[in-house]
Amino acid sequence: MSDLNTQAVARYKNNFLREVEERVEEGDMVKMCMQCGVCAGSCPLGPHWQHSPQKIFMMIRAGKREEVLTSDSMWMCTSCYNCIVRCPRQLPITHIMHGLANYAHRLGIAPKGQPTREFAKTFWNNLIKKGRVNELTLTLAHYFANGIGPGIQIALNMQKIGLGMVLAGRLNPMEIFGGHSVKDLNGFHAVLAKAKEIEDRKKGFSA
Amino acid sequence: MAKKEYAFYPGCSSQAKSSAANYLTSVNTMCDKLDIKLTEIPDWNCCGASIGYAEGGELPRLAINARNFALAEQHLPGKDIVATCAACWLGARETKERLDHTSQLMKETNEALAAAGLKYEGKVNIRHMVEVLIEDLGYDAIKAPVVKPLEGLKIAGYVGCQTNRPFGIDGESFENPKYLDKFIEVLGGEPIEKYEQKVACCGGALAFSEPEKSQKQIRDIVESALDHQAELIVTPCPLCQANVEVYQSEINRKNGTKFAVPVVYYSQLMAVAYGSSAKDAGLNGQLIRTEALEKIANR
Amino acid sequence: MTASIATGQTILVVGGGISGMTAALEAAECGKQVILVEKTPTLGGRTAQLYRYFPKMCHPTCGLEINLRRLKGNPNVRVMTLTEVTAVAGSRGNYAVTLKVAPRHVTENCTACGDCGKAVTSEIADAYNYGLGKVKAAYLPHAMAYPQRYVIDPSIAGTAEGEAAKAACKYGAVDLGMQEETVQLNVGAVVWATGWRPYDANKIQPYGYDRYANVITSVEFERLADPHGPTGGKILRPGDGKEAKNIAFIQCAGSRDENHLRHCSRICCMASLKQTQYVREAWGDEGKSTIYYIDIRAIDRFEDFYQMVQKDATVSFVKSKVARIAENKDNGNPVLHGVDTEGYHRYATEHDLVVLAVGMEPEVTGVKLPDDIILDSSNFIEGSRDGGMIGAGAASSPLDVNRAVQSATAASLRAIQVIHKNAATENA
Amino acid sequence: MADNKFAAYICSGCGLGDKLDVGSLEKIAQKEGKMTVVKNHPFLCSASGVQMIKDDIANEGVTHLCIAACSRRAKTEAFNFPTAAVSRTNLREGVLWVVAEGSDHDEVRQEMAEDYVRMGCAEVKKMKLPEGNPNRDQAQNKRILVVGGGMSGMTAALAAAEAGYEAVLVEKTGALGGFAANLWKRVPFSSPYAEPQATGVEEMVAKVTGNTRIKLHLNTTVAETGGAPGRFTVKLARESGAVSDETVGAIVQASGFTPYDMAKLPELGGGQANVVDQAGLEALAKTANGGAIKRADGKIVTSVVFVQCAGQRDDTGTHLSYCSGHCCATSIKQAMYFKDANPDVDTVVMYTDLRVPGMGEDFYRSAQQKGVIFTKGKASKVTGGDSCKVEFSDLILDEQTSVDADLVVLATGQVANAGVNLDAWTEVNTAAEGGNEEAKVKRSGMKTISVLNLNYRQGPDMPQFKHGFADSHFICFPYETRRTGIYAAGPTRRPMDMLQATEDATGAAMKAIQAVENAAQGRAAHPRAWDLSFPSARLEGCTQCKRCTVECPFGAIDEDEKRFPVFNEQRCRRCGTCMGACPVRVISFENYSCDTVGSQIKAVNVPDEDEEKPRILILACENDAYPALDMAGVQRLSYSAYVRAIPVRCLGSVNTIWITDALNGGYDGVMMMGCKKGDDYQCHFVKGSEMAHYRMSKIGDTLKQMGIEPERVVTEEVAITDNARVAKLINDYAAQINDLGPSPMKGFG
C-alpha cells in the first residue's frame, strides 16, 4: 500500500491542500475554514485527541502531510455531528474527518493498531461478507482482533453482557453459522466492486 | 387498507434476534395500534453505519445505500422509506442528499448499481419513524390510543445524536429537541425537560473501539438522568439504547457505581401505553428490566 | 391630510433613527421639503437606547438633543410618528406613497404633564428597555421622546383604564376613538433609513439565550448599564438580581455565520470593547471582562480604543468561537465550553453573566418592500433600479453610528439630485 | 422700525395655577418686569392660547414676548413667533417639577417662580430680533471648490454638479484619478462581493471633463484661501506660475493619502528586491494586464505572501498606531489577481485579525473559494531577494516557522495629506511674529505643504484630529470640522477604502451645498443652523487684546492691520466664545449678550443674610446641562429652590463679569455646568468648556480681592444623561454654601 503513498507524494509534491481537495471525501471544503474553533469545542472526544478539526485544516493548508495523515485525531470521531451543525462556514467536518481517516488508511500510513481503525475494518469486512452485519461474529472478531489472550480477557469481561443479550433474545448464538444475509449477494458484491473501481480511478489510486 | 403505508428499512440491528430485536417488536406493536403498515424492503442491505467509512470509502457507501433505494423504488413504488434505526436513517438520508445534489456522484452510483441491474431514480424519500409519527400522524393521533397512561413515571428523553444532527426532526433545535418529551407527555408520563445530557453523544461505534472514552460519556448520560430522579431513559436510537443500557454493568464493575437505569425505545412506551403486553412491547428484551413499565403493562 | 401637502419636490425619509433624522435634516437645512415617517411613537431610534458611544464613551442622547433642536427650529420637516410605508407606486421623481398611521390615542394637545400616566395602573413591556422592565400603559416612551407626547397603548384603549386616562387629562388630549388611518402622498425621492434590529438570540441555540436567564444580548446590556435603564444603571443579572462582575462577551453571536447572518455586523467588536469599560466603570478592578472572538475588527482609529482596552488588566481576550453554554445548576452561572484556538487550550469557564454580541439584521427583513428596491444577500438596501429610492445608514449596510450618519448625509444629497433633475424636467 | 412693545404671557396649566400664585406673578411682570401687556392663560400652548399671542402681535403691535410656562425645550413649535423676540421662562420643568412637594415649600417655590419671571422680563427687554447676517448679500456665491482630483474629489464635484451646483475642481497633478488611477482593479461595491471590479476611473474622468457645471484646473494648487462661506476667494497657482482667482461658496478638501513609506520597515524587507507594498503590486498587476504577474526581474510569480498590518497597529510608537481599514480587503483582492490568472499560484495572506466588516465577509469567502490561504500569524522578519522568506509565528499551530515566496507584499497604511499641523504652526508663527528669522523661514516652508493656504488668523489648514487626519471629533456629526464651510472627504479625513471614500465625498458635498445655502440666507451653520443672530463688536471700545481672535474655536475672527478683530460672520458658529473672552465686553449677539444674561442676574431678588435664603446662580450649557436639569424635572427629581438657572449657548460664552456681578449682587455661590472637556471633549463648540475652566482658574485672585471664598464659584462637567446627578450636585453644593454661610458681599450690592 505504501507505494500508493510515495506515488501520492510524487504527484502532489508539497501541495497537500490540493491532494486533500482531490482525494479526500468533501476535502474541497477544507479551504473554507476560518479558524473559529467551534468544532474543537463541540467534539465529545475533544479531550482525547491531539489536533482539533480546525487545527487539522490549518495543518493541511500548512502542508503538514505526514503529521495529519498519521494523526489518530480523526479516528476519534464518534459521528455525533455537533461540529457540522455549529460550523459557521458549514463545513461537513464529520465527513472530512471520515474522509481523512479513510485516505490515511488507504495509503497505509494511518496509525497502526489504532482500535477504531481496526474495528472499522472488521465492521466493513463483516458487513460486505453477507450484505448485513453479523453482530456475533463482528463482536468476536473485534474482541479477538488483538489475539487470543486479550480477546479471552475482554470476552470474559463481556461474558455477562453477551449472555444477557442472548437471554434477552438480542444476540443469536446461531449467527456463528451464517446468520442474516442478502439474497442477491452476487449483485451486492458486484455493486461494491464497481463502486470501488470507479472511486479508485477517480482518486487516482489506479492508473 | 391501513391509514399509512411505508417501505420499511429495519436495518441490521433491528432485525429478528439482533441487538435491537426489542425495538422491532415494539415498533410492530405500535404500528398495529396506529394503523401503520410497514412493508420490508425486499433484500435490503446494511447502510454501512457511521463506522463504515474507513475501509469502505465514499462511493461504495453511497452505492450500497442507493441499492436499498433502488429496491424500494422498484418493489414498493410511491412509498417513503422508513427507518427505525438512527444510523440507517442518517446513512440513507445523507446518501440521498449527496446523490440528489451532485449529478456526478449520482452518475457514478448508478453506474455501480447497474452491475446488479438496478437504478436509483432519485424519487424515494427517506424518513425516520419519529418523523412519520410527528409529521404524518401528529401528537394527537399518538395520544389517541392511550389506554394505560404512564402515570407518575419520570422519564429522561435521551435524543442523542443521529436523529437530531445534522438533519434532525423538522422544527426541533439541535441543542434542545423536545419531541421525546412531548411523546412522554402525551403518553401520560413525566418528562424531564432540563435533562442536560439530552443530546450528548454515547460514543456511538467507538463503544467497541474506545470503551473507556465512550463509557465516560455513557456514565454522564446515566448520572444526569439519575440527578433528575428519572426512573428510565427513553431513546429513538438502537446504538444509544444498546450502549447506554449494556455498559452500565461494565461501568459499575469498573467504578463501583450501582447504575441500573432501564433504557427503552419510545415505541416501547407507546406499546405499553396503548395497552399491549410486556412481551409485545419487547420488555423481555431489556438487559436492565423495567419493572415500572412491566407493572403498567401487566395492570 | 391629503396628497397636496407633498409634491415631486418633496423627499420622503422612512425611519426616524439617527440616520433618518440626519437625512431629513441635512436636506431640510438646504431648504428642501421633507416628510419624516417613523414606525414607533418617538424619533431617536436605536441609538437612543444606547448608554454610551464608542470610542468617546459619550452619550448618544447628546447628539439626539442637537438633532431635535435642529428639527424644532426647521419648518421644512414634517414628522409623522407611528407611521409605516405600506406601498410605493410610480417611479423616480414621482412616487405615490401609501402610509398607515397607527393611533396614538393622544392628540397635539398633550403637554406631557403625566396625569394620564398617574391615572393608569396596568403595565406593558417597556420597549425602550427591550422589555427588561415595564411601563404604564399610558406612557412617555422616554425622557428624550419626540414628539414629547404620551402614548395610550391600544391594549387599554377600549377599557376602563383608557377612560381613566381620558378623565385624568385636563386638556382633552386623550382620544380613545382614534382609528388607524391611511395617507396618500406624492414625493420625488424616498430615503430608506429603516435601520436594523438585533438578531434573534433564540435562534443561536448552543448559547441557550432561551434557556438561561443569565445569558443576555448586547443591546440588553446597554440598558443594564444606563442610569435610565431598568436597574438604574447597576449591572445586576436578570436571573437573580445578583451583581454581575465576571462577564463574558461572545462575539459573532449570529454574525459571520452561514446558519444565521452571513455578514459581519461591524459594530459588535467595538461594542463589546466599549462594554468592558462599563464593567470597569461599575466595579473598578473587581470587574472582570472576557471577550471570546474570532477576529477583533476595530478598524481605522478604533484601533486606539482596542489597544487601550488590551492594556486594561480587567479585560482578557480568548480567540475562540464558544461552542456551547451550559448552566451551573447550583449558582445559575453560565459555563462556557470551547477551545482557545491560539495554541489550543480547552476551557470550561464560569461567568456571572454572558453578553451575546448579537448581529445587525436589517429591520426590513421579512417586510414587503417595493419591487423596484434592490437588496443584497443579507437584505440590506442597495437602492432602487430607477435610482429614486436610496438606502441610508444601517438599512444599507451594517454601520457604526458615525458611518451611518455619513451614509445618511450622502443619501440626502442623492435624494436632492433626484428632485433637482425632477425640477429641471418640470421646468423644461 | 416700530417701537418695541413688551408682553408677558403666564401659563397656569400643567398644575402651575394650583401650586403658584399666578396673580402675583402677573403683578411682578407688570411692575418690576415693566411689561406693557400681561396676560395669563389656563392652557397657553393650546390653539387659543397661541392665537391670543398672535393677535397681540398682529393687533397690539407686541414685538417682545416673555412666555412664562414650560421649558424652552417643550412646545417649541407652538411658541414659535418668527417676527418677535421671545424669552422663555421655565416655570414647569424649572420650578414646579423640581421644588419639593408640600406646602412648607410653597414660599420658596413661589419666590423661585417670581425670580424667573423677573429674569424672563429682564432678558427680553435686552433682546433684539435677530435678522441674519447683514452682509449676506456679499455671501451669495454657491459654487463648490473641490481640492483634489482623485476618486473622492471627482465624486464630490460630480455630486454637487448633479444637484445643480457649479463645482471648481483643482488637481495638483496633470491628470485626474489620483491613487485609484494606479489600481488594476478595485474591491466590489455591491452584491455579490465576489470578484475584483474595474476601477471605473476612466468613466468618471470622462463624466467630470464632460460636465459643463464642473470647471477643471489641472497642475494647479491652492495658493491662498480667504473669506468665508458664500464668499471664499481662492488664488489658484498653476505649475507654470500663472495665477488665477476663483470665488466659491464652500470647499471640499479631498487631498487624499500617501502610503506609509516601506523604507521605514527594513525588518519586513522594505527596500529589498521582490518585496513590494500594495501600490507596488497594483503596478505589477497593471503591467500583467490580466496575465501572469511577473516580478520586477521578469520572473513569473508562483508564490506570494501578503503581510498584513505592515507598519500599522504598532504600539511601540515607531510606526502607525492605527489600522487603515482597507488593507485586508485590498490584499484579498490582490491575492485574487494571482488566483484568477493562475489557480496554481500559492497565495498566503498573513494576518492577526482579518478585518473585512459588513459584506467584506463575502469577499473573504470568495477568496477562500479561489484557494487563497489565510494564515493567522505575526511576521517577524522578511528577507527579499530571488527567493523571499517570511519568518513568522503561526498563532494557530503555535510555532515559530517560515514560508518561502517569489514575492512578498507589505500591506502598509494610509498617511493623510492634510497639510500643516496647526499646533506646530502656531508655535512657529508666534515666534515668527516675534521677529524670529529662523521661524520665518520655517513658516514659509510649512506653507509649501499646506493644502488650502488659508489666510486665517489661526493658520493655513484645517485643524487635524488624531494621527494627522482632518477628521471630526463628533460621532453624530462626522462633518463637524472647525473651519466652517470647509469639509474634508476621503482618506485625508480618515483611513478608508474607495467605497467609503465615495460615500464620504458625497456627504461632504452635501455639507458644502448646505453651507452655501445657509450663507446665502445669513444663517449660522451646524449645530445652530436655525440661528439668525450674529456677533457684532463695538470696536470703539476694543483694546485689541486679540483674545477673541485667538480663542474662537472656528478661526472665524481675523485681525485688520490695526489689530482690530474682523468678524467673518459666515465662519461663525454662534457659540459666543468671543463674547466670553472679551475683557471689555464689546462683543454681543442681538438675542444673546452680556446684557441679556447680566440683566437676568441682576433681576433676581437677593434676600438679606438674616433671611437665611441663599441664592445660587447656575450657568448651564444649553446643549447638555440644561436638558439634564429639564429631564430631572420630567422625572420629578427635586433640588434646592435657592438656585436660579440661566441657560448659556456654551460655557465658552460665559463672561467673568457675570460671575463678579452675581457675587457683588450678593449671590452666595455660582455654579457652572458645561460639557466634558479634554481629549474626549463633548463640547459642541470644541473648546468652550475648556476655555471656561481656564478662565475660572484665573478668577481666583479677583475673588480674593473681593474677599470671597474661591469655593463659592464651581465649574462642573455634566452629561445630558446626568439627570439624577445634576440634582445631587445642586443639593450638595447648596449644603456646602450653607456651611460657608452668607456671602460677605450681601448688602453691598
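We call the chains A, B, C and D, going by the order they appear; numbering starts again at 1 in every chain.
We take it that a contact is a pair of C-beta atoms (placed from the backbone, for glycine too) under 8 Å apart; a residue touches a chain by one contact, two chains touch by 3 or more.
Treat the numbers as computed from the prediction; the structure is a model and nothing was measured.
Think of each touching pair as a link: the shortest run of links from chain A to chain C has 1 of them. When the partners of chain A are compared with those of chain B, the chains appearing in both lists are C. Think of the whole protein's Cα atoms as having one middle point; the chain whose own Cα middle lies nearest to it is C. The chain pair C-D and the chain pair A-D differ in C-beta contact count, and the higher one is C-D. Separating the CA-averaged centres of chain C and chain D is a span of 24 Å. Chain A and chain D have centres, each the mean of its CA atoms, that are 65 Å apart. Spacing of chain B relative to chain D, judged by their CA centroids, is 67 angstrom. The geometric centre of chain B is 46 Å away from that of chain C, both derived from CA atoms.
Listed for chain A are residues 34-35, 54-55, 82, 85, 89, each touching two or more other chains.
Touching of two or more other chains is recorded for residues 354, 376, 396 of chain D.
Residue positions of chain C touching 2 or more other chains: 206, 256, 319, 324, 341, 344. The set of touching chain pairs reads A-B, A-C, A-D, B-C, C-D, using the touch definition from the header.
By the touch rule above, chain A contacts chain D in their complex via residues 15, 17, 31-32, 34-35, 54-55, 58-59, 61-62, 64, 89. Those residues of chain C that touch chain A in the shared complex are 206, 252, 256-260, 294, 319-324, 337-341, 344, 346.
Chain A makes touch with chain C in their complex at residues 34-42, 46-47, 51-52, 54-55, 82, 85-86, 88-90.
Chain D makes touch with chain C in their complex at residues 13-15, 43, 45-46, 70, 74-77, 159, 162-164, 190-193, 313, 315, 321-325, 351, 353-362, 376, 395-396, 398, 466-467, 469, 471, 473-479, 494-496, 500, 503-504, 506-507, 509-511, 513-514, 517-518, 526-527, 529-531, 623-624, 627, 631, 634-635, 675-676, 680, 682, 684, 719-721, 723-724. Touching chain B in their complex are the following residues of chain A: 25, 44-45, 48, 75-76, 78-82, 84-85, 94, 98-99, 101-102, 105-106, 115-121, 123-125, 127, 131-133, 135, 139, 142, 157-158, 160-161, 164-165, 168-172, 175, 180, 182-184, 186-188, 190-196, 198-199, 202.
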